[in-house]
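Order of writing sets the chain letters: A, B, C, D and E. Residues in each chain are counted from 1.
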Amino acid sequence: MLALRSVSVRYGAIEALSQVDLEVNQGEIVTLIGANGAGKSTTIRAICGQVPTSSGSIHFEGREITRTPAHRLVHAGIAQSPEGRRIFANMTVRENLELGAFIHHGKHEQIRQDIDRVFQLFPRLSERVNQSAGTLSGGEQQMLAMGRSLMARPKLLLRDEPSLGLAPFLVQQIFQIIREINKEGVTILLVEQNAYQALRVAHRAYVLGTGSIVVSDTAERLLANEQVQAAYLGE
Amino acid sequence: MSLLELRGVTRRFGGLAAVSNITAHVDTGELVGLIGPNGAGKTTLFNLLTGVYAPSEGAVVFDGRDTRGMRPCRIAALGIARTFQNIRLFRELTALQNVKVAVNLRARASLFSAVIDTMGQRADDARLEALARECLTAMGLEHVGDNRSCDLPYGLQRRLEISRALATRPKLLLLDEPAAGMNPFEKQDLMQLIRTVQTTFNVTVLLIEHDMKVVMGICKRIYVLDYGQLIAEGTPAEIRANPKVIAAYLGEETI
Amino acid sequence: MRWLALRTLTVLGCLAALAVVSKLLSANLDTYVFLVVIQCGVAMTLAASLNLINGITGQFSIGHAGFYAAGAYVGAAWTVLWQPIVVRHVPLLQLGAPVGDTLTLLIAIVVGAAAAAVAGVVVGLPSLRLRGDYLAIVTLGFGEVIRVVILNIDAVGGARGLTGIPTLVGSGDLAFFWVFGLVLAVVALSRNLMRTTRGLTWLAVREDEIAADAMGVDTTRVKVSAFVVGSAFAGVAGVMYAHYFTSISPDVFGMDMSIIITTMVVLGGTGSVSGSLLAAIVLTALPEFLRFMQDYRMVIFSTMLVVVMLTRPQGMFGHGEISFAKLKQLFGRRAAGGAKP
Amino acid sequence: MQQIAQQLIYGIQLGSLYALIALGYTMVYGVLRLINFAHGDVYMVGAFVGFYACTRWLPFKDLAVHPEAAGANIALAVVALLLAMAICSAMGVLIERFAYRPLRNGLQKADAHFWGLVLGFPITGLFMPVFNGWGPLVAVVVGVGVGFAMRPLVAWLARRVKLSESRLNALITAIGVSLLLENGGLLVFGANPNFIPNILPERTYMLPGGVMVGSSQLTILGVSLVLMLSLRYIVMYTRPGKAMRAISHDIEAAKLMGIDTDRVIAFTFALGGSLAGAGGAMVAALTHVKITPLFGLLPGLKAFVAAVLGGAGSLPGAMVGGLLMGSAESFVAGSSLSMFRDAIAFCVLIIILLVRPAGLMGRHVPEKV
Amino acid sequence: MAALIVSIGLNGCKQQGGSAADSNEIIIGEYASLTGTTATFGVSTHNGVLLAIEEANAAGGVNGKKIKLITEDDRSKADEARVVVTKLVTQNKAVAVLGEVASTRSMTAAPVCQQYKVPMVSPSSTNPEVTRKGDYIFRVCFTDDFQAAVVGKFAYDKGYRKAAIFKDMKNDYSVAFADNFAKSFIKQGGKVVGEQSYQEGDTDFKSQLNTLKAAGPDAILCPGYYSEVGTIGRQAREIGLNVPILGGDGWDSPKLVPGAGTALNGCYFSNHRFSRELDLPEVKAFIANFKKKYNEEPDALAALGYDAAGLVVDAMKRAAKLDGPGIRDAIARTEGFKGVTGVITLDKNRNARKEALILRIDGDVFRVEKTYRPEELGQ
């Protein structure tokens, strides 16, 4: 479904990504793990055209999307929920969700249904529907960010660090929901620092180390892979 | 007497207490760890110690002096130096220049003599440069001194920050996730280095780290923060066994 | 001691060389060209002094004409209004023309610089609370306040301007000496500042104020000093202007002048001393070059400004400087490239 | 008392106008963090459009000769207003497209063409005496030719563009555009002031307490109010308005919502331009002030100060700031300190910013450490 | 180094300028505000000057030599005025210089002309200081103190006893006019009951006018330029301030009435002896020629520009030698030069002694109300 073919990204003199090959198949949860600064977020940003690639190509459903700007990708069916939540703090929860469905303008019925669906997934949000998003707690903001990215009805969802800054029990909740969303047919590419959690929900995983892919395998096998454990999971 | 003492320090943002009622101390020569999940208030605490924020309540006493109301540069002059979680180097300056900014605290010549370029200032400059190079060498950066700091690889940037902090010749060094983004081997190296530096520069260290394993490897004493509160204090072994800490890190099954 | 002697000699040598060049230029240059050269010199001082505030210390100040005006008016007020009174009461000061004039000019420089420096402190203080665009607006506004106040002081001519200022810098032979001596001074200061350890603190404030503060840099002091030094030099530039052009009026020091000076700094590459100097020359001389274009002159000038900003956003030199080493490197590479078959 | 009330009314009328222009500054600042210095000149273009509409393009009748034409003239005035708004929004979009977008996205081929043309025309104009007698068509053809010849020059200059984060750089570009519009306006419109004749019936109403209000004041106030309310509606409830707000909060996140940010930014300039155009045309037609290429200089500056005063990026801030500036100015102007009016306006600004560094209604975002 | 580059570059220009001049041409320089805030006045004056030079050349030039006019723009800036005059004098080798409208700029540039002994004739700088800058500096207009005294006397004669002043504080002409008016008016026994100021470029004057209205004046003196006066008049009427408004030569323009509408009907302003209503052949001819060339009505500034240029040409014809000092002496001897703005005789202070008119605005005609000669005011 999504394929990166030897993609490299340079920031000035530094090569942030070098020759990355990556594939995500329909219906999968694929996770991209690695230490901070290994290039995980850069990979996501490169897919979404937010940083220019210096070489290589990116394909989505057979079409090349290497230079496509982010807002067009949303139309093509790729939604990203960026690192650090990035919700629109001065707008209400409802407005945030409506913006998530920006590309579906005019389809009021669909939007209404989708909002209801998000509230089903995150009942906490429905209580605060007219509250300004900036006043939500960290966990609620993360939920909103996720709900917002679902509003576009993406085929592929890119999640960057959903666990960042959340209390552990919330993290588990978030991962639970990721699994649920996936069951409904949304393919997910998950970027996580918290490798254990990520590997538990994912089908397959890629391990990034300073800009290139070190190991890739199924999540189960990676969890058992001692070398990976030693190098990237700590403990 | 403790080098650093926190007496019931609280900091509120709006109604939210980012750090509440913390009482703690760091003694001279110690290497203390400060851990806690993301968003627990560790960095806020550092900002309170260095004067970026003023405490809403309570007091920070360093070296026998209450630092309330002092500006960060005064506190730095008293002997607290820090690194930043999101690297804050002087990007356009070279590595050596970065460190030189910090050795200014030990300059003798006045700005005026620098500007008219007197002999005394040249001697002082030479002395300061030597000090700066010494700090670079201590962190293993002597070969990149002339590179622009923003061109350095990530790991070296982290080291440069420590080197820069050391250059102020602090009594207390605050390290904010110095090993973030490194793999475990690099982390080990860095921790080793920190320990060496601690002894050679004779500096007390307070260290924020995410990775429990790393902290436990080098710290004798650890504080644990969660939701702005101090939930535990003790040796690594004690911390590891503390149920509150486990709950904070692993979470309770509450779905 | 030996060092002191050497330093004195260097400075004296520079001054002597400047004086000789000054004499040569005034003898050989066409007056109009000479006038433009002097204007360039004043502009260079203004650009380099704003570069201290804007480029080196990173404070977004765009009201430099205010300081320029303060220096020009107070310096001229000294020469025209106060000095005669002082001389009348203190017979000792009734000196002959060359000595007396030089003394008057020197005092004018001091009072002009002091007045501008005071204005610099007043503007510098908001910089402790304000940042970026907001600081820019305050500096711009302050420049306007200075202009409006001058406009309402009848003793210095109000809207009519102050005319009949004696040409103390010498309309011919010594003008170049004084004006470019000033340029040298501000360049030397900037260079020393950027080379020495103490001066690096100024750059550090530009790069990251919070980190600089945490490293023990008294950012308040640095920022206020930058404003004081930068505006004092602008003030001296004003004194030079007043005592060469012999008349000043508020409309010279309007907002458009502030904007032109800011443009010089940005066009040269923020922080680059040589860049600001070169941009000052270009922006002062270019409208003169373009005179043959008549009505289209300013249209072409403004279009070129936009095009340069779009094509070289980092300014002509970025943060870099022209240095002989770099030139050598450049030409060396060229030569090497050319030598290859 | 009557004096104070009267001055307040003048202040509100002036302030509503400042607010109208300030909204354009503040909207652009909100989405791009850019001080669009050329906005005041768009206001000037609005006045010129108003002038040409009232004197040449539309069949206005002189009220002194045909007093019965008042109704028809009012209808035509609405057309003129809409025309000014349309042309000025186009101007805004044009400025954004060719001067500010290259700052964000880098100089494209089209930009090089455009600036080549802009450079080419005056250069051609310079040699106009040579073409004299060949007619304007030849001149235009030659102008386009020279313009295209200039394109490689611009492209060559742009061969190694590094995008700069510098705000100063954007500021200077904006100043350059402003200078270009002023000097270009001088070439196109000439230096002579123009005046719009009486085309609308004017009346003065006496309010209780001896306070007088003119119909022109009421019109300016009313139209500004309507425009501001419609703007509020657009920004709060329409799709592009919501996209604008999203961009002003977080442009990167907005892109991820599928928002075409370039289009929305252009829309923002169009909105701002139309408000300024309406203001310019309205002032020119109702107060009969002189219309020159520098028409926008002073009001633009004042409005910009008002925008900062209210908090750059905040729409209600711009309105409050505008009204505050207008009334402050009106009171100072009416007092014995009228010669210090501009100085006092700036002093008020400086004091307010020192107390509230982000303006009255601006969001102060503390830097994260 | 830098200086060298500039000098080389500008020397290039110099040669260009130099090569254009040959022995069959006499060069007159003109500096004017063709762009910038007072562009409208500069352009107007320039048109008058150009017309005069063309006519002179058509009539055979001076002693068989053609006159070449080199005009430089000073962007309405005083410092630039000095630069361009230096250029005109030293590079273009102009033997006489015409300019400027604004006194501030004339005063800044005058020392250059004085230094290089090139006569400078200002068409319309009315500040008395201008010609005191040296014996090479002349003007063809009257001075502020005379004009303001005329208006002061006229106002008193008209029976006004309480006057209010509304001046453009950025404009030194306006400020000086207001001061001199007040002096003259008070000396005769009148009273100045209020004083307010505005700035060129303002659009709203109602606040100040409202304050003036409260002072209850018999008349308002508004010594600004026509570009603002019309609007001021309109806004005064709008707020119910219906007293007559008085002004000076800055009012004179075909654009005054379009700007003012009917608001200034019955108001008075002083002017140079230039009016369409005057039945003088030279004035009629000038207006006709000007309209033919530019397709618009000339204003007083154009007429003064025309006269300044005409006077210089006339002096050249009379000059013993066609160089600076020669032309200066010839200009200084000017007596009874028949200009369109009056018969010009230059006094020993190098100022033109001319009568001033008081014009009454009546619809779109300016009727001559009264004429004052300098002698009548004891000047």
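One rule holds for everything that comes next: a residue touches a chain if its C-beta (ideal position, glycine included) is under 8 Å from a C-beta of that chain, and two chains touch if they have at least 3 such contacts.
This one's a predicted model, so the numbers in the text were calculated from it and none came from an experiment.
Asker: Starting at subunit A, how many touching-chain steps does it take at least to reach subunit E?
Answerer: Steps on the shortest route: 2.
Asker: Taking a step as a move to a touching chain, how many steps at least join subunit C to subunit E?
Answerer: So the least number of steps between the two chains is 1.
Asker: Suppose chain centres are the mean of their C-alpha atoms. Which chain sits farthest from subunit D?
Answerer: Greatest centre separation from subunit D goes to chain B.
Asker: Applying the contact rule given earlier, which two chains have the most C-beta pairs between them?
Answerer: Ranked by contacting C-beta pairs, first place goes to C-D.
Asker: Between subunit C and subunit D, what distance separates the C-alpha centroids? Give it in angstrom.
Answerer: 33
Asker: From the C-alpha centre of subunit A to that of subunit C, how far is it in Å?
Answerer: 53
Asker: Between subunit B and subunit E, what distance separates the C-alpha centroids? Give it in angstrom.
Answerer: About 72 Å separates the centre of subunit B from that of subunit E.
Asker: Check each residue of subunit C and list the ones that touch at least two other chains.
Answerer: Answer for subunit C, listing residues that touch two or more other chains: 151-152, 210, 294-295, 298.
Asker: Among the residues of subunit B, pick out those that touch two or more other chains and give their numbers.
Answerer: 52, 84
Asker: Among all residues of subunit D, which ones touch two or more of the remaining chains?
Answerer: 183, 186, 339, 342, 369
Asker: Under the stated contact criterion, what part of subunit D meets subunit A in this complex?
Answerer: Listed in rising order, the residues are 239, 242-243, 245-246, 249-250, 252-261, 363.
Asker: Going by the contact rule set out above, which residues of subunit C touch subunit D in the complex?
Answerer: So the residues of subunit C in touch with subunit D come to 54, 60, 62, 126, 129-134, 136-138, 141-142, 144-145, 148-149, 151-152, 210, 255, 259, 262-263, 265-267, 270, 293-296, 298-315.
Asker: Enumerate the contact residues on subunit D facing subunit C in the complex.
Answerer: Contacts found on subunit D: 29, 33, 35, 99, 102-103, 107, 111, 115, 118-119, 122-123, 125-126, 154, 157-158, 161-164, 166-169, 171-173, 175-177, 179-180, 183-184, 186-187, 301, 304-305, 308, 312, 339-340, 342-343, 346-347, 349-350, 353-354, 357-359, 367, 369.
Asker: Using the touch definition from the top, list the residues of subunit C that touch subunit B in their complex.
Answerer: 3-4, 7, 188-189, 192-193, 196-201, 203-204, 207-208, 210-220, 225, 271, 319
Asker: If we count contacts the way the header does, which residues on subunit E are in touch with subunit D in the complex?
Answerer: Listed in rising order, the residues are 34-35, 37, 39-40, 42-44, 169, 196-199, 201-204, 206-208, 210-211, 214, 227-228, 230-231, 234-235, 238-240, 255, 258-259, 261-262.
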